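Here is the structure we will look at, set down as structure tokens.
Order as written gives the chain letters A, B, C and D; numbering starts at 1 within each chain.
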Amino acid sequence: MLLTLVLLPILPALATAAFGWRPSVAWLAVADAACLLAGGIWLAVGVVDGDTAYFGGHVLRADALSAFMVLVIATVALLASWSAVGYIRTEIADGHTTAGAARLFGLLVPAFIASMVLAILAANLGIMWVAIEATTIATTFLVGHHRNRPSLEASWKYVIIGSVGIVLAFLGTVLLSYATQHTGPGAHSTLDWDAMRGVARHLDPAVIRVAAVLLLLGYGTKIGLAPMHTWLPDAHSQAPAPVSALMSGVLLSVAFYALLRIKVIVDLALGPTFLRNLLVVAALLSLVVAASLLIAQRDYKRLLAYSSIEHMGLMALAAAIGTPLAIAALLLHILAHALGKTVAFLCSGEILLAEGTTRIAGVHGLLARRPLVGGSFGLALLALLGFPPFGLFASELAIARAGFSANMGWVTAAAFSLLLVVVAAVLVHARSMLLGEADTPSVSPTSARGAGVPLVAGLVALAVIGITIWPIERLIGAAAHVVAQ
Amino acid sequence: MNPGRIGAVVIQIVFVVGAAPLLAGLIRQVRARLEGRVGPPIVQPWRDLRKLWRKERIAPEHTSWVFLTAPLVLVASSVVIAMIVPLVTVALPLDEVGDLFAVVSLLLLGTVFLALAGLDPGTAFGGMGASREMTVAALAEPTLLLAVTALAARAGSTNLAAIVNAALDRPSVVLSAQGVFALVALGIVTLAECARLPVDNPSTHLELTMIHEAMVLEYAGPDLALVELAASMRLLLFGALLANLFAPWGIATGTGVVEMLAGTVVLGMKLVLLGAFLGVFEVFVAKLRLFRVPELLAVSFVVALVAVTASAFLGGGR
Amino acid sequence: MYSQLLGLAGGVALVAAVLALWRRSLLAIVRILAVQGLAIAAVALLLGVHHHEVAELIVAAGVLVLKVGVIPMVLSRVVRDAPNQRDTQPSINTATALVAAAVLTVIAFGATRRLVDLAPSPESELIPVGFAIVLVAFFGLVARRNALTQLVGFLLLENGIALVALVATARVSLVVELGAALDLLLAVLVLQVLTSRMRSKFGALDLDRLTELSD
Amino acid sequence: MGAAGIGAGLGVLGSGKPIVAEFPELLPFAGITIRLDPLGAWFTLTAGLIVVAASLYGIGYADHALRTRAIQAIFPLFCLSLLLVPAASSVSTFLVFWELMALTSLLLVATEHRERASARSAAVWYGVMTHLGFVAILVALALLAGQVGGESFAAMRAGAAHVPAGWRSVVFLLALVGFGSKAGIVPLHVWLPRAHPEAPSHVSALMSGVMVTLGVYGIMRVGLDILGGGPRWWGFVVLALGAASALFGILHALVASDLKVLLAYSTTENMGLVLIGVGGAMLLGAEHATPLVGVLLAASLLLVLNHALFKGLLFLGAGSVLRATGTRNLDELGGLVRRLPVTGALFGVGALAIVALPPLNGFVSEWMLFQGLVAGGGSHVASAAVTMPLAVGVVALTAGLAAATFVKAFGTGFLALPRSRGAAEARESPGTMLAAMGLLGLGCAALGVAPSLLSTQLDRAVRATGTGVLHRPVRVEGGALHLGDVRGVMSPTFIALLLVGSVVAVLVVMRLTIAARDRRRAENWGCGRALQTSRMEYTASSFAEPLQRVFDDVLRPDLDIDVTHADESRWYERTIRLHAGVRDGIEDHVYQPVLRAYRAWGERARAVQNGSVHRYLAYAFVALVVGLLVAR
């Protein structure tokens, strides 16, 4: 079962390899993502009561947390691949993409999704690391999809900074293993998460401290926490919109998932304070950076990227708080952010196709000219700013409550004050893009038919989880229980 | 409600309506004498009113119902005040209907309607008069309310009967510092509200200086009569209020016929004195420049504020 | 003898990292990388021999092929194609860089002393060396302006980590080790492809030109 | 929906029993818990009344505004959130409704973004200010919830007494900032005169009439009910803010020439008055002068309801004017009372009510406020003895200026001659709009004439504030209004009767004694001029000029005169252009520097992300070194 989940996403890649990129293959990817979603639901039903599923001894494992993440990945994959059908078709029609690049796209996106699923389901922290590093490799060429100077620059920065970060995580993983080796007589080194958790209380604090720093820096790079966030705006703004959606919506969260797994071990070994302090610093730094750079932002895709940094900062805050409520809120935040950011990036893709520019100053009166895309974009931005009824409101509210209950009032207050700056900045930019009269007639072709479906579906889902989460409430509860016991 | 108390109300209305033009005439007479003129007789205002009453009713072009209702409201509000303010007797049946705040608001109601009527015909003078009137009213209103507060703090109630009774019981509270302050403040406001010198000159028709007269420029015939009557009623009411609040002695405390007659006479005497004083005063002051008027009102505001704080600190009658 | 040899290999690796900071010729830097790879392979070999572990021997062979053979070869081919074989002026001058390297080494030793204390042995004595290589190589990454030197810097850094991984964990599963190596190889290939694309788009490998994306 | 609100409000106020409902499966991690107590019910009632009128109005108004379906769908959501905010009984529930209200109103403010840039910038101002408020409220409530270990209002109420005094004050001040920004309290009012005018008028009516009062609700709920009052200085702060808002608001309303801006500033003024009442109550509450506390709170609550009625009416009237003439500028209106007789008359009613003239509802609440303040000044509480008279002075000054303001608004807008073609060709609005206004006008009159209609309800609401007010602060006996132990008595009913009676009496006398029955239309006296045109009229700006001159130290008007000279000689002017205006001083001196700093910060921050991969790596490198040093 678990193996199927890992291999399932590969299917469209094989099809692409065989037939090249064509709409039918792209629709296969959509169907495939739907299957993945179904598989995720099936998995979730199995583990919702706190059970753990294994495959091949201790190669793959899935508990509620993993099942939840699979659901997130599958949901975003569904939306993104749906939108990719029209996106790539339009790009080919406009001459922005060659058949070869499209084929590469069709190959790499499934590989990317598969490696994310592997990272989630890996029982071994080492394999998890390998899978996450694999995502970097798979996405590098996706970032460079357009093969022009900016995208090349972005992919260089992405791969250099990302790789440097991730090898630090490897170093940290090695140190974890080193520590497990010396927990007592007869101990042997392991990277199996269950086994590590078993011996976590006996791990050497000094080693774990160094390991924790390295792992935080390493996975923090992939998560996009300041000050290792620097690649993120470039990569997310240059990648094709469906890839941006996947990267921003889930890749960051998958890295965060890795950090959560680490956190369990580290907290057991050191108590919660050490990692909490580090996370608080990273969270506040991320929020400061995101807020500051949003103020004078000129590019709407970069704006979304900084918004991702902001949300990762919030998640880091939630992780720092670490109470069951905070972790549950963190998970909901992951899901909600994934949906919101996916919709926002998909909209940005439509806008780019239509307007031919990613400059904020180059887009006017979008609501008047393209009500569907403009409206979806606006609503997605509002959702990302944390307005109800969207899911991010519920999760941010819960994070705030958890923060104040956990005696982290000052930090939480500071974080939410920074969110105010974010709101101000984003609203100003949204005004200049969305509002106003349609002064210039739209010259470029209207977006592909059906392009609005994933947008609306994403927004509806986002609103629904803001209002009620009863279908997945137990799953989230069980998943939070994995992290915060 | 016994007939005596209803009678008291009737007496008050009749007194106010009847004596108001006379008071205006008295002031004019005093002024004329002091200026060395013979002056019109004291009943001249009544004669004017009668003359106006017989004239044709005229509505200027472009005016609306506001213009027509304003005189009615103006008179009606003054009549209502006449019914609830203790002028002749303290034992009014309608005392619970309104207190000093209500009186002030009723006065303002009239002012507002008159100002609106000034704007209604759309002439430059009407607008100018309304603008100035509201400027003065806006600044006089707070003084008035503060003075009321000072008086109320003294008596522990804003109801007029209570204030007057308190002064009757303990004359000392009137003859105190805060009493004097409140008197001064109310005096100044009276001049402003009734459009007397030095705020406004009731006898001028020079465009640049007039306030009240500019507003009512378009009125003619019976409507003008109502406006003039109401203006003099307001003057009388203010005067009577001043007199009864600061020198209530002589006012009837019951509703016996003799008692009330005495009260009426005493009130008449007080008003004659006050009118004479006002006449003399007007001879000796000149009209202020319009933009100096707010300064005068500011002074009265401060004085009223002092009165209030003083009464709060000194404990007043409590 | 075993511990001396281990120490020697570690020392060579560290010195290689420092030398890479100093040299400017691209070719020389690639050679330094190969030397460092050799030192790492030697460490793996020593470990394997000493502990009689076949797995370590396989790792040693893998390291030898990858870090001494394939990667330096690929790189030197790129270098030979390069129009200018010398790195441009680094953004930090060499003297300062060398002093910084010394300071970083001290920091690395200081920061990892407790790691050695956990299980003092000839192997764990190399952990600080590995950390020092990581820091020095990282510093080189920051200081160098050429895409190729940055790539080499990354590999140096990775070598440091590989050294730590070798000496710190006796039996990290082979799957993980292989997976990691494969990933790195891919990363290097990706970087190499990017380098050639960069040359065609930008005409040079000067990273200072990569500032179109800002804010 | 509005009717349901009224029903719920009246039901709770009538029976005194709260409506309780829980939906634990809604709103992740919190659940929705509803408990509508009499205090909340008072506000729900207020909201319900205006919602009914605004919705009715919207039927006719919608062809003018709210063209898209999406926007039309938002309006009911906004109404719903207004009705539900007072019913929330847990932090999360409250905040979700609160933000829903903010979001929907934000979208409604932006409705007319295609037409006007001012609507676009208003939306941004509003969005940011409302979020500022939200953050403050969130922090305040979450902080308190964290301190007491429960997020239901009941738990917070029970636990608040054990929270250290310092934290209580922090909570209170933050709540004051948050709710104050919603209530448009100076200096957090800047969004209000921007956003309220830009929204479609029936939305303005809801925002100005109901939404801002929910800010007051929040202050009452948190300050009085949950925290149970506090030290004396809380009252001082609220009182001072209220006084500043009242004066500032009315002065700017006085000089505003945009009808809806004028109304918006007047909202700030009225909220200031309400807060004077609340602040006075808190001040006296700290001294245990409970009977007066009840009186002042009753005055505040009644003013809230009254303000909703007349401000709703005025905004609806303004919308009707806007629809008919296409302009909100008073200097371009005029003569509308003949073109729009019903709108004109109803606007007049609203104007008289807001000036607090008998026999309308504004008078009753203002009278109660005065009585409370005067009695408070006379009480033996030293601090109150100093502040209350000052508060009376402020309220009094405000009342005077409000009279001038609304005489200006009604007089120049509806009377005299039309000053533009739009005004001259205005057409009366459809019946639904007029009915909506009529409803509110009726409400103003009914509450003005017979406050006994709601006196028991008001009484219950006051006692639900948890200030220990046990006896009845408001009683109506024999038509007369009695307040607690205040000795002042007044009967609005009788005043109304006497006024009407007197008018009728005068009419009868005139009818009996005057020979001439008909009126003759005659030309105005033109002082010798033949021509009488609208150009000669006093405009709104000129009307307010004398008072502006009086207060120019506060208002600091701009005055620019551009003179273009003729080529031949500089003694002959070709054109003279006068530009005069009053800018919001708080905006210029408080917000603009902040905005400049904000932008400068944004520009400076760009250097962080300058594109250099070396710099980026350096960040990570420094992080690594620092991290390793920390980990030691």
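Assume a contact is a pair of C-beta atoms (placed from the backbone, for glycine too) under 8 Å apart; a residue touches a chain by one contact, two chains touch by 3 or more.
For clarity, every value in this text was computed on a predicted model and none was experimentally measured.
The fewest steps needed to get from subunit A to subunit B, moving only between touching chains, is 2. Which two chains touch most often is answered by the contact tally, and the pair is B-D.
With each centre defined as the average position of its C-alpha atoms, the distance from subunit C to subunit D rounds to 68 Å.
Computed from the mean C-alpha positions, the centre of subunit A lies at a distance of 43 Å from the centre of subunit D.
Note on chain placement: the centre of subunit B and the centre of subunit C lie 99 Å apart, centres being C-alpha means.
The distance from the centre of subunit B to the centre of subunit D, with each centre set as the mean of the Cα atoms, comes to 34 Å.
Across the assembly, subunit D contributes residues 606, 609, 611, 613, 617, 620, 624, 628, 631-632 that each touch 2 or more other chains. Multi-chain contact residues, meaning those touching two or more other chains, occur in subunit C at positions 111-112, 114, 138, 141, 150, 207, 210, 212-213, 215. Annotation for subunit A: residues 153, 156-157, 160, 164, 168, 206, 210, 233, 293, 296 touch two or more other chains.
Contact between chains, per the stated criterion, is found for A-C, A-D, B-D, C-D. Taken in their complex, subunit A has these residues touching subunit D: 153, 156-157, 160-161, 164-165, 168, 206, 209-210, 212-214, 216-217, 221, 226-228, 230-231, 233, 278, 289, 292-296, 325, 328-329, 332, 365, 367-368, 371, 375, 382, 385, 387-389, 391, 393-395, 397-398, 400-401, 403-407, 409, 412-413, 416-417, 419-421, 423-425, 427-428, 431, 435-438, 465-470, 473. Every residue of subunit B that touches subunit D in the complex is listed here, in rising order: 53-62, 64-66, 72-73, 75-77, 79-80, 83-84, 94, 96-99, 101-102, 105-106, 108-109, 111-112, 115-116, 118-128, 130-132, 134-135, 137-146, 149, 152-153, 156-159, 162, 207, 217-218, 220-222, 226, 290-291, 294, 301, 304-305, 308-309, 312-313, 316, 318. Note for the complex: subunit A touches subunit C at residues 124, 126-127, 129-130, 133-134, 136-137, 140-141, 144, 147-150, 152-157, 159-160, 163-164, 167-168, 170-171, 174-175, 177-179, 181-182, 188-189, 191, 204, 206-207, 210, 233-234, 237-238, 293, 296-299, 302. Residue ranges on subunit D touching subunit C, taken from their complex, read 606, 609-614, 617-618, 620-621, 624-625, 628-629, 631-632. Within the complex, the subunit D residues that touch subunit B are 334-335, 337-338, 344, 348, 352, 355-358, 363, 367, 370-371, 373-374, 377-378, 385-386, 388-390, 392-393, 395-397, 399-401, 403-404, 407-408, 410-412, 415-417, 478, 480, 486-491, 494-495, 498-499, 502-503, 505-507, 510, 513-527, 532, 534, 536-538, 542-547, 549-550.
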